[in-house]
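Here subunit A shows up in two complexes: once beside subunit B, once beside subunit C.
Presenting the complex of A and B:
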């Protein structure tokens, strides 16, 4: 079924997949941490923190990821900060998607029924304890569908680091195209690999959505 | 500076064309997906899933390099416009579908009880209510489209990002130029957000 050209290059493509998955997993982890922290600070923090988080989300929402990648890759070396492409890419993508994740978590925190708060307060709990054992566990569960959608966007966006020369799946695909002059077969193969990763994740999202709906 | 302004014009052109095309194509796909006929729901679903689950950059390369290879070479601008429209019409179709499905069953039943026809129910009950609900997510999608035009710099469409990068290579004032480019994007997306907010407020219907 598969064109021979894909099979003969499957080793290279697999290496690209590995790098793409590495980048994706690291970025999901870091951006979730940034997002959760930002969401908590935005919802419960001191007013100065709220202003900072709002500004961060506003800037990231209005600026393309590619620009931030260029800034890191071409701009920062001028000020003596020379990040290697892989950690630099992960850092920039984590900061970028951290803002999206913070909105995902914030919506979930705000969707939590007031009665949960009232119940926790009437049991004599203080804010840190309420956050740790009442709010965060439920909010994380509520946010599952939106979280998975953001993860899919994130995985697709890792293709952009190929533009700053990181050899993940898209870059490997382009390199094979340059060598073989078979753009259709190779790029469709690359698209298919992304599809398999993201589509299976979106099925998981559907399942999560059903589970969260039954929880009430 | 003049090259950045030139790039901004191209970014705005691309965004406006892609938004218009995706709004129309998205409606066609959403109606097909909701038609209840297998011959229409299946291709609509396949289109939406394949667009949503593959990166824009790969789609862009497929259109630009792939079609070029089989003799259907399109200009970079047109290839970019096609890829942007294809990807975003899938997202917009899902927004429409969500909006239409969010109109309560009882609303439709009330329409039926009043003896309205299927078409009347759609035009007078479902569409106006769904319309207000899709405005905020559509605003987000417009911003996404504007930001996504930057990806077209990868095939050297002379939009804002590409102009910024070329300028920074020529002048070595990388910092200033990228911050400038960022501000340009921020201004454009802020205007879009502001415009949709005031639109929302003006046409808000009391429930």
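Presenting the complex of A and C:
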């Protein structure tokens, strides 16, 4: 069913998938941590933190990811910082998607009814405790659809990292094309792999949303 | 029970309290004293400031002038060494709130926690009560409001009346010295109102100090020691429930009663046993 050429190169492709998944998982974790922290600082922090977070979000969102990668790859070595492609790629992508994640979480935090705050306050709870036991657990659930959406964009964006010499899925695909002169079959196969990863993530997200709905 | 306000130190006292939302004055020079174990019911048209009055007692709303004390402690402010009045710290405010139970119109249970966790979380996280002890206390309270079999359910699977009873249990778990009820039956289907009022009536019998904002005139008449009628941010009339409702002095209270209590025939006794029958 699959073209012979995909089967014979499946080992290489799998290695590309592995690298893509590594990049994606690390970036999801780091960008979520950055995003949650930024969202909390933006919403509840001291005014100077708010300014810093706003600046970060607007600047990073307004610049193409590719440009940030170039900057890291070509620009940073001039200032004596030379990051290997993998940590460098993860760093740039985490900073970039952290800005999007912070908006995802901020929207969820702000969507939480004020009444929940009233209830927590009336029990004598203070801000840090309210955040930990009332706001964040609910905001994480509320943010699920937008979070999954951002993760999907993130996974597909890892293909841009091939530009700085990381042999993730897209890079591996291009290498095979150069060797085999069968761009159509190979690129279609690569696209199918991306689709399957993202589609399973959407299904997983749906399932998780259903499972964590509040009713028993 | 009749209470002689002059001889008992009040649980709650308002002295000349005013509050503004922007330019609109929502509380006008409120003075009011609630004795320990007294049940005060506040009635009045929407927008009359009843809810604001209640929320000021635990600083969910801030007031600007006058003072409110709970058990002798001023709410929201303290007097500094130089005699000036300064805002209390968040810590002090939270500590004061922990001893005042508040029940909301829209229940406001935590939807991501079971009933048991909703009731136990305050004692555990705020009062630092050991988890097992807190859960024992919580189960006991949940049983007292008639929901022993729902302890492990999530709030969304409960009816409004059940949720509101859980909310009362949650407030009681903090062992408050004062309970505030803000139109707690207004969001309920009519057939669910009595089960909540029944719990409140029992609480009143047990000697809890309560300020109750409500439209339930039958409850006011049966349970209140005193009724306060508010309109346009001011207390217009107050007094003994039976007398006040039977013989309102002000035209505003008469108008309010005509509008809100058409079903409530004056002096028509309703079987008091029907209140709280389901609880």
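Convention: the second predicted complex is superposed on the first by the 204 of 216 C-alpha atoms of A that agree within 3 Å, B and C clash if a C-alpha of one lies under 4 Å from a C-alpha of the other, contacts with A are read in each partner's own complex, and residues count from 1 in each chain.
Here is the rule we use: a contact is a pair of C-beta atoms (placed from the backbone, for glycine too) under 8 Å apart; a residue touches a chain by one contact, two chains touch by 3 or more.
Nothing here was measured: the structure is a model prediction, and the numbers come from that model.
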Partners on subunit A (subunit B, subunit C) - clash or fit: fit
Residue contacts on subunit A - larger count, subunit B or subunit C: B
Inter-centroid angle subunit B-subunit A-subunit C after superposition on A [Cα, multiple of 10°]: 100
First (subunit B), second (subunit C), both or neither touched by A:174: first
First, second, both or neither for A:84, with subunit B first and subunit C second: neither
Which superposed partner A:194 touches (first subunit B, second subunit C, both, neither): first
Partner chain(s) touched by A:48 [first = subunit B, second = subunit C, both, neither]: neither
Touching partner for A:133 - first (subunit B), second (subunit C), both, neither: second
Least Cα gap, in Å, left between subunit B and subunit C after the two complexes are fitted on chain A: 24
Residues of subunit A contacting subunit B in one complex and subunit C in the other: none
Residues of subunit A touching subunit C in the complex: 113, 115-116, 118-127, 129, 133-134, 137-138, 141, 214-216
Subunit C residues within the subunit A interface of the complex: 58, 60, 90-91, 94-102, 104, 106, 108-112, 121-122, 125-126, 153-157, 170-171, 174
In the complex with subunit A, residue positions of subunit B that touch it: 49-50, 52-59, 61-62, 65-66, 68-70, 143, 147-148, 150-151, 153-154, 161, 164-165, 168, 174-175, 178-179, 181-182, 185-186, 188-190
Subunit B contact footprint on subunit A (complex, rising order): 59, 61-67, 70-71, 74-75, 78-79, 152, 156-157, 159-160, 162-163, 170, 173-174, 177, 181-184, 187-188, 190-191, 194-195, 198-199, 202
